[in-house]
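In the two complexes below, subunit A is the common chain; its partner is subunit B in one and subunit C in the other.
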Partner chain A sequence: MSVASFIISLFGFTILAPLAGGLLAGIDRKVTARLQSRVGPPLLQPFYDVAKLWHKERWTVNNYQGFYVLMSLVFAIIAGVIFFAGGNFLLVVFILTLSTLLFVLAAYSTRSPFAEMGAEREIVQVMSYEPMVIIMSVTYYLAVGSFNTNAVLTLGRPIITYLPLVFIGLLFILTIKFRKSPFDLSYSHHAHQELVKGISTEMSGRTLALVEVTHWYENILFLGWVGIFFVWGSWLAVLLTVVALVVVYFLEIFIDNNFARVKWSAMLKWAWLVTIVCAVVNMASLNWSWLG
Partner chain B sequence: MTSTGKSPWLIHYDAASCNGCDIEVLACLTPMYDIERFGIINTGNPKHADLFLVTGSVNEQNINVVRQIYEQMPDPKVVIACGICACTGGVFRDCYNIYGGVDSAIPVDVYAPGCAIRPEAIIDAVVVGLGILEERRAALDAGAALDAGAALDPKEA
Partner chain C sequence: MGSLTTLNLAFLIIFPVIAAGILLVIRNERVRGGFVVVMGALIILASITFGVRYIGGPGAYLSVDADWLSYLALAIDMICCLYVLLKGIQHKRVWAVVLALLQAVLVICFEVFLAHHVQITHEIYVDAFSAIMVLVIGVIGGGICIYANGYMVDFQKHEDEHNKPDRRPVFFSLMFVFLSAMFVIVLSNDMAWLLTGWEVTTVCSFALIGYTRTDEAIRNSFRQIYMNLAGGIAFSVALIILAAGVNGATPMLELDKLIASGGSVAVMLPVMLLCFAAFTKAAQMPFHTWLLGAMVAPTPTSALLHSSTMVKAGVFLLIKLAPCLGWGFNGVTVALVGGLTFLACSLLAISQSNAKRVLAYSTVANLGLIVACAGVGTAEAVWAAIFLLVFHAAAKSLLFLCVGTAEHHIGSRDIEDMDDLFDRLPRISRLMALGILCMFMAPFGMLISKWATLVSLADTGHLVLIVILAFGSAATFMFWAKWLGKVLAVSQSAHPVEKGVHRTEWFALGLMAVLALGLSITFPLVSQVSVVPYLESTFGWHLGSTISFDNLAIMAVIALFLFAIFIFQFIRPRKKPDIGIYMAGIGTDTEHREYRNSLSGVSQAGQRNWYLSKAFGEKTVTPPAYIVSIVLIAVGLGAAVLIGLGLIQTGGLL
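Then we have the complex of A and B:
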């Protein structure tokens, strides 16, 4: 990670990611509406929502909640900047987990039973997806020989050819990370599904606006994780990556609309099962190809 | 129209309703009426809501619930009474435990009659409510510029 790439990523990600993320959320809502044969909200609706929340009356349950949410946003941005600057992938994973945990703390700090229930579910979600994310970084190292994300640019072929099963595992846990049904246990974007409003129950006005923006940053970062599987040292990579991202995101929306929410125990069981199978088989095959 | 008018999130509370009006409120969310076209989301959370849709009349059991939900909503907010029961008490008006319409508990901004209220009438009432919401936001913004502390004090609302 050179200084130049860090600075480009710092400004590029911080400014462009919320624009892209908000637009993505708008496209998401539009496509979802069409899948349900509705017209759906305007494309820029997520931006209207955040702008409205910014102008609501400023209430806060306590003095810490807003701070935790703000720090969660800051760490999500730092994680994204490091990732797109070509930095250490493992570091990105840990910083992003920190961001999520700060969000959980924000909910816990309110002592509201609904928010606490949401926070507990969020923790179960973290437990479900985190092993796969760690394994993804380890297998990334095995395939590329470095934790740095810019190392893929030196490869002769994209890492999906080394890690096909890890990619499938990532897709599975991405549904949790994108907060999509059937795994949107702690905070759903669909109307009126959980206990009041899950983890964000006690957040209102500007705090809630920050939560939304954090979510936009995170979504762009996750799409980066998907994209890195298709990048290698060739200009063709751009085309392949764009196609892959569109397909993956549409798949997520499709799953979101076609599956009912599952219980937390089912989520945990399935996520770990998929993780173990994908990880073991893929790691074994990597070692096999080294031997052969 | 500002972002407030483009993104009104609503909370629906069923006071002493016969459920006729509730079903019509939910019908607004279906593909047939699709109120998400206007950016409306049905949140179950007063702290996220801008519009308060109440169906049914107010009685001894629920008067405090109606007040609590209203108080938990941050400004700017608008209350819409959906159905004739919510407007005046309707057929339940003379029951021993009924106070009357929603205005016997909290200030109501838009009265939308009908038994049961039609989804079109709910959408019309929401559109009228949006105008009021815009005025309140303008007042709040102006007040916030003058004296941030006082205008943002929840107890002043």
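Then we have the complex of A and C:
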């Protein structure tokens, strides 16, 4: 991670990611609506929503919550900047976990029963996806020989060819990270769920706007994780990556609209099972190919 | 080695013992208070002087030409055995009597028939790692002794209500003896002396755990002594084998020579036995129950056992032996036992609501991680292990002291009762939050050490351990995050009850907080100055790319940033909330979370944390973990016996 790439990423990610993330949310809502035979809101609706939230009157249940949410946003941005600057993959994962923790603390600080329920669920979600995320970054290292995300640019072929199972595991837990049904336990956009936005129950106005923006940043970062599997030292990579991202995101929307929310225990069990199988088989095959 | 060093060494080891002797006869509370503070401060200063001198140095060896010291060590061994023997008879515990007798016989056999035939060149050594250990023991241990002062005043008030005798003189003197024994362990090159220190810590913690003399305390203290005597016996057998020179090995009793032998087949069995002894001391599965039981003792004891002494003696020995481990039967056994312990205890901690029990499981889990690193045995893994040890000592003692003080002021150590601690104990709760963050979150030290562990596992191809670490870390997030959430929940109606926390307690809490945070911020520097030189001299290793200096620096900057921003946030004047919390439109008093129920009465809404006890309770997790750990240790020991004694030739397998 050179200073130049860091500065480019700092400005590039900080400015472009929310635009792309908001647009993605708009497309998401549009596609979802079409899947449900509705027309759906305008493409730019997420931006209108956030703008409206921003100008709402400020009501807060305590003066810590907003601070935690702001810090959560800051660390999500830092994680993204390091990732797109070609920095250390594990560092990205750890800083993003810090961001998530701060979001959980924001909910806890309110002592609201609904928010606390959401916070508990969020923690279980973290516990469900974290092993796969850690294993993804370690197997990335095993395949590439470096933790730096820019190391893929020197490869002769994309790492999906080394880590196909890890990629499938990542897709599975991304459903949790994108907050998509069936794993949208703590924070959902489906009005029919029993607890829709548990973790953000007490967040309103600007605080809620920041939560939305954080989510946009995160989504772009996650798409970066998907994309890195298809990048190698060739211009063809751009094409392949774009196709892969479109397919993956459509798949997530499709899953979101076709599965009913499950209980935490099912989420934990499935996520861990998929992680173990994918991780062990893929790592073992990597290792054997070294020996051979 | 100048005379100054000898003086400093002698001071570290002898001075606490003298202090302990004097403490036995001081009955006045105020006099004792002053004395303990002065002695604690002196030990802290002495260890800092010592640590600073040697922390970056190449290491030095010292020979002590005094036979009487060896006789003294033997006498102390015998006193330890005798004490356990008498206690065993008093409480009718057959196994304690049997084990103590066996240990006594082994030590006498060793001293009489073998020890004198082995030439010992250097009895004492000092290197950067032992300097680090001296700092951990002296600064954190000394701080805990000072803390104990105020704590035990409150503790005794409670005891007086039940007409219990005041046994504090014994308590304080045991604490100081403990420190002295730990110094012996980390500075002895003569393994017979190391064993003496080892046995003294075992017996001291036996007496400290049984301090309150309740049935539970006595039961738990005997559980501790069974397990640790078994470890002590394994240690003695290892010494006998080493001194006898079985299977063509040169007889040796010096730690540096054993390490230099690099884990050759001839020393395989004694190394495994020493690892076994370390497992018992470091409370690895299946021996973890003694550490859980140890929390019946007053909190300063727990803090001391968990952070700077006792269990750290176990992992210290393993880290020293790391060059003998690595890819081989011994190394893999050690790595897997540690890994299994880390995973199982991290999962178990999720199901606990008793704060001290969560801390205990977390200690065992982190020790497991250190043990696993030692088992991996590369320089990178040892780097991680040393930092895990240091950061764990600082953060865990901070947490224990917070929980202890909180318990005296809110009357509970249950995490569910810490709901509005943020307002009831403003400063304690913030320190507790800092301690928790230091245990598991970026950018603090424990996490960076875990990161280094992960990298070294990937580099050595320990795939099973990578998976274990990934899952264990996820569980770690779960149990710390929900505790942290409770502690940081802002209440609108609670009143502070923080008055009456003793000044000695504030001092120790502040010291631990400064250590935990300061070390996280100065991490890159500490690594360059102290640990890297040690690794270079031990492994001939030049700092590779475990974690690059840039990334360490990024973490340090973030730690500083977080610290600054949180300080700013917490000194801002509190604003009254604009609005109450959402109660689905039926709230009557949102400050107390009360709502109108379906019978038109008033109910209070509550939200307990999730403990997931069906999935991660002791009944679910412990039995399989027991089976696996026992099988692992049995296989490891069996292999060591068969191969180490030359009964089986392995050829290229090793």
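Everything that follows uses one rule, which is that the second predicted complex is superposed on the first by the 289 of 292 C-alpha atoms of A that agree within 3 Å, B and C clash if a C-alpha of one lies under 4 Å from a C-alpha of the other, contacts with A are read in each partner's own complex, and residues count from 1 in each chain.
By our rule, a contact is a pair of C-beta atoms (placed from the backbone, for glycine too) under 8 Å apart; a residue touches a chain by one contact, two chains touch by 3 or more.
Computed from a predicted structure; not experimentally measured.
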Joint occupancy of subunit A by subunit B and subunit C, clash or fit: fit
Partner chain(s) touched by A:F259 [first = subunit B, second = subunit C, both, neither]: neither
Contacts of A:W59 with subunit B and subunit C, given as first, second, both or neither: both
First, second, both or neither for A:M203, with subunit B first and subunit C second: first
Comparison of subunit B and subunit C by subunit A residues contacted: C
Contacts of A:G40 with subunit B and subunit C, given as first, second, both or neither: first
Contacts of A:A51 with subunit B and subunit C, given as first, second, both or neither: first
Partner chain in contact with A:E120 - subunit B first, subunit C second, else both or neither: second
Per-pair minimum CA distance [subunit C against subunit B, superposed on A] in Å: 5
Set intersection of subunit A contacts, subunit C complex versus subunit B complex: 58-59, 201-202
Of subunit C, residues touching subunit A in the complex: 419-420, 441-443, 447, 451, 454-455, 457-458, 461, 463, 466-467, 469-471, 473-475, 477-478, 481-482, 484-486, 488-492, 548, 550-551, 554-555, 558, 565, 569, 572, 574-575, 577-584, 593, 605-607, 609-610, 612, 615
Of all residues in subunit A, those that touch subunit B in their complex: 29, 33, 36-42, 45, 47-49, 51-52, 55-59, 191-192, 196-197, 200-205, 208
Partner subunit C, residues of subunit A touching it in the complex: 1, 58-64, 67, 71, 78, 82, 87-88, 90-91, 94-95, 97-98, 101, 104-105, 107-117, 119-120, 123-124, 126-128, 130-132, 134-135, 138, 141-142, 147, 201-202, 265, 268, 272, 275-276, 279-280, 283-284, 287
Touching residues (chain side subunit B, partner subunit A) in the complex: 2-4, 6-7, 9, 29, 31, 34, 36-39, 41-45, 47-48, 50, 74-76, 137, 140-141, 152, 154, 157
